[in-house]
Amino acid sequence: MSWFQPWGVARGLIVFGALALAPLLLPQHWMLNLAIFTLMYAALAVAWNLIGGYAGYVSLGHAAFFGIGAYTLGITLDKLGLSTPGAASSSFHDLVPFLLLPAIGIAVALMSLPVAWVALRTRATTFAIVTLTLLFVVQTLAFNLTKLTGGSQGLAFPVPSFAVDSFERPFYLAMLALLALAMLISWYVRGAKLGLALFAIRDDEDRARGLGVRTTGAKLSAFAASVGLTAMCGGVWAYYISFIYPQFAVDPLISIGTVLMVYLGGRGTLWGPVLGAAVVIPAQQYLAYRFGQNNLYLIGYAAVFLLVIVLLPRGIAPSLADWFRRRGRRAEAQEGEPELTPRVPVRGGG
Amino acid sequence: MATDGLLQVEGLTKRFGGVTAVDGCSFAVAEGAVTALIGPNGSGKTTLFNLVTGYLPADQGEVTFLGERVARPHPARLCRQGLARTFQQTRVFPHLSVLDNLVVGIQQPWSGLLRRRRGAADQERAEALVADFGLTAVAGQLAAELSYGQRKLVELATVLIGEPRLVLLDEPTAGISPALIPTIERHIRERNAAGVSFLVVEHDMGVVMRLCDPVIVLDRGSVIASGPPPAIQADPRVLDAYLGG
Amino acid sequence: MRTVVQAVILGLSAGAVYALMASGLTLAFGVMRVVNVAQGALVILGAYGSYALFSHLHADPFLSILVVTPLLFVVGVAVQMVFLRRLRSDERELSLLVTFAVAIGIEGVLTLTFKTNYRSINPSYANRTLHLLGYQVPLVRVLAFVLSAGVLALLWLALERTRFGRALRATVQNPTSARLLGVEVERVAAVGFGLGAATGAAAGAVYGIVWPFNPGSHYDLISRLLSIVVLGGLGSLGGAVVAALLMGVAEAVVAATLSPVWSSFAFFAVLIGVLLVRPQGLFGTVTRGEL
C-alpha cells in the first residue's frame, strides 16, 4: 500500500493546475469573487473534515477560529502600523498579510490546544455543544475587546494597491494555495498512522484507547491542524473584504455552512468536502443575489440544508461511489469507496 | 505484599450508587498461566476488568502490574506496558478493513503517528497473523461485513498483534458457533505457549476446565475461592454461589 | 454586599426563565437523544407571538401564553415528524444540523415579518418595582420567576403523575423496553418534542417582557441554553434546573461586580471549569452501555 497512486496524483495535478490558470480565463470580477469564496469554503470544509470527518468529532465552533485568524491578522497589521491610511504603500507591503499567514496558522493552532484538550474530553453531542458555545464566547470577545478589535465599529485592514483589473488575483491564488495545503495535509494524514488512529477513534474510541492508540495526541493534532488552516482562511478573507465586524467574522453560518458542505460531499472522504463547496457556494450566492434584498435567503439556506440532509444523508461522493459500484464498474466489492471508508488512499490519493 | 506474579489486585472496590459491584476484591495472576475468572451473572467480573484496565475509576484498592503499582490506570498506557483486553460485546472497527483493524493494534511511539499507515513491517506482521487466524480471504473486507465469529477472531488478533504480556479476555467464546470454539481455544493455547498470560472471564465451564489453571471464583464482588479446576469443581462454596444466588 | 444580594435575586429570576427554556431542551433530548438547537429560535418565536398579540389585540403577555404555547406545541410536533423522525439512530449528529437549519429558517421567517429592529413587550406594569426584604425588584422579574416555577411544577406533575408522563419517562430510560411494554415510542417522541417547544414558547413570552429581542437573539439564547444542559448533564431535568439557576446567578453577579460585558463569559468559564472535572456534566452519568 503506497501513498502515491498514479491516478490520484494526476487528478490532483489536473484539478489544481486548471484552478491556477482559471483567473486568466475568468476576466469578470464577479466570477473571481465567487471563485474566491468557493475556494475558501472548500479549504474550510477540507480542514473541518480532518477532525469532523476523520475522527468523527463534529465541531460547530470552527467559525470561532476563522474569526480569530481574521482578527489576529488585522491586529498584527495594526500593531505593525500597516493599517493606517497613507502608510507607505508598496508592492511589498501589500504582500505582508499573506506572508504573515503561516505564523498566524501556527499560532492559532497552538493556542487552541488547551481549549481543545478540554473539549475533546467530551464525546459526540457534548463536543458539538461545547464548540458551539466557544463560538459565541469568541464573538462576545470580539464585540467587547474594543481596544483590540474595534468592537461593533469594525476593524479596518490596509487596502492593497493591486491593479484594479486583476485586483482579485492575489486573493484567489492565496485561497487556492490554502486549499492545496489543506488537501495535502488531508491526503497525508489519511495515508499515515495518524489517519488510521483517527478512523479508529471515529469507529470506537474506547476500544482504540484499550489497544494503546494515542487517542489524545491524534485528536489534538487533527484539531490543531484543522483550526490552524481555518484561521489562515479567516486571514485571507479579512484582507480581501478589508473591513471586518464581529458578527460576520465569527458567524455561526460559516460553521454550519462548512459542516453542510462536508456532509453534502461525503464525510471522511478526500474530495467530498471540495465537491460539497463547489455545489453549495454558487447555489448560495445565487440565492443571496436573487433574494438577498428581502431576507428570503435565510429561509432559502435553511431549505437547501434540510433538503440535503433529507435526500442525501450520506453525501454525494459516497452515493456516487455506490452508484458506480452498482453499475458494475468495479466488480470487486472492496474496491469501491463506501461511506467513511478509510482505505481510500487506494483511489483517493491527491 | 508478595510481588510475584504479573498482576495483583488488592482490596479493589467499586460502588454504583447503593450497589457495590466489586467489594474488596484481591487476587493475583501468575506469569505464564491461563487464569479463569468465573462467577454467576452480576458477580462483578466485567466491572473488575473495567477497573483493572482503567475504564472505570476504582473507589478503593490498588492494582499492581509487572511489580509496579498502577496509580491511575489508563487504558492506552497499560496496553503499551503489556496489559490488553477484549470486550464482552465483540468490538471491532467496523469501517476499517480486517488488515487495518490489526494494524491499529500495533504499538506505536509518538513519532509513529506521522509514519506510513501500513509500512512494510506492519503489513508483514498483520498478514502473518491474518493467515494464522484463517482470515486471509477476507483481509481486505470491512470488519462490518464479517460474520460474528470472524469478528471475534479479528478482535482477538488485534489484541494479540500488540504483543501483550497479559490479556484480559471477556467471554471469548460467547455467542459463537460451537465449531469455532476449539479454534479460539487453540489460539489462546498457542499464544500461551509463546509466553503470553491470560485472564479469562468465561461462562462455558467446558472451556474453563480444558483451558484454565488456576480458576478464581467471584461472587458479589469478592473472591470466594481459587485453585486448580478440580478443586474448584468440588468446592461447595462455589456450588452455593451458582445455585443459591 | 448589597449589590451582590441584589444581583443574586435578579440572577435567580433570570435563572428560572433559563430553567424553563432548558427544560424543553432536556425533554427533547430525553425522548429522542436529539439536541434541539432550534430551542432558542422557538423561544424567540414565542416572544414574537406574545408581542403580536400584545401590540395588535392588547392581550396581556402573561395571558397570551395560553394561545402561544399550544401553537408552538404544534410547530414542535411538526418539526419532529417531518425532519427528525426519519434520521437513523446512528446519525444523531445530523439532528444538530437539522435543528440548526430549522433555527435559521425561523430566524428568516421572523426577519421577513418583523424586520431586525429590537422589540420589547411593554405592558402597563412593565416598570413597576416591588420591595422585597429591603431590596427593590422589578415586578416583571418576580412574575417571571413565579410563572417559570409554576410551569416547571406543572411539567413535573405531568411527568410524574400522568399515564403519558410514565410512558415518556420509560421512553427516556430505555426506548426498546418501552416499546416492548406497549408504549408507542414514536408518538411519545413527537409529543415530548412538542412539549419541549411549548415550554420554550411559555418561556418566550416571559423573555419578551423582561428583555428586548430581535430575530437574531436566538443565537445568544441557544449558546446559554446549551451550556446549561451540558453543565447539568444532558437529559437530566433536575440537573438543567440547578445549572440554570447557577448560571443565572453567576451571570448576574459578574455583571453587577465586574461588568455586564463579561457576564456571558461567566457562562463559559463555569462550563469549562465543570467539564474539566466532570466531562459528563454535574448530574450526568456515564452509563454502562457507553463503555
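In order of appearance the chains are A, B and C, and numbering begins at 1 in each one.
Just so it is clear, a residue touches a chain if its C-beta (ideal position, glycine included) is under 8 Å from a C-beta of that chain, and two chains touch if they have at least 3 such contacts.
On a predicted model such as this, the values are computed, not experimentally measured, just so you know.
With steps allowed only between chains in touch, the distance from subunit A over to subunit B comes to 1.
In this assembly, B is the chain whose CA centroid lies farthest from the centroid of subunit A. Subunit B has its Cα centroid 42 Å from the Cα centroid of subunit A.
Centres computed as Cα averages put subunit A at a distance of 32 Å from subunit C.
Between subunit B and subunit C, the centres computed from C-alpha atoms are 46 Å apart.
Residues of subunit A in contact with at least two other chains: 206.
In subunit B, 55 are the positions where the chain touches two or more neighbouring chains simultaneously. Within subunit C, residues 291 each touch two or more of the remaining chains. Partner subunit C is touched in their complex by these residues of subunit A: 58, 60, 115, 118-119, 121-126, 128-130, 132-137, 140-141, 144, 206, 252-253, 256, 259-260, 263, 294-303, 305-306, 309-310, 313. Of all the residues in subunit A, the ones that touch subunit B in their complex are 1, 3, 190-197, 199-200, 202-204, 206-215, 217-218, 221, 333-334, 338-343, 345. By the touch rule above, subunit C contacts subunit A in their complex via residues 33, 35, 37, 83, 86-87, 91-94, 96-98, 100-102, 104-105, 107-109, 111-112, 219-220, 222-223, 226-227, 229-230, 234, 261-262, 264-265, 267-268, 271-272, 275-276, 279-281, 290-291.
Contact residues of subunit B toward subunit A in the complex are 53, 55, 75-76, 79-80, 84-85, 87, 91-97, 100, 103-105, 107-108, 110, 112-118, 123, 140-142, 145, 158-159, 162.
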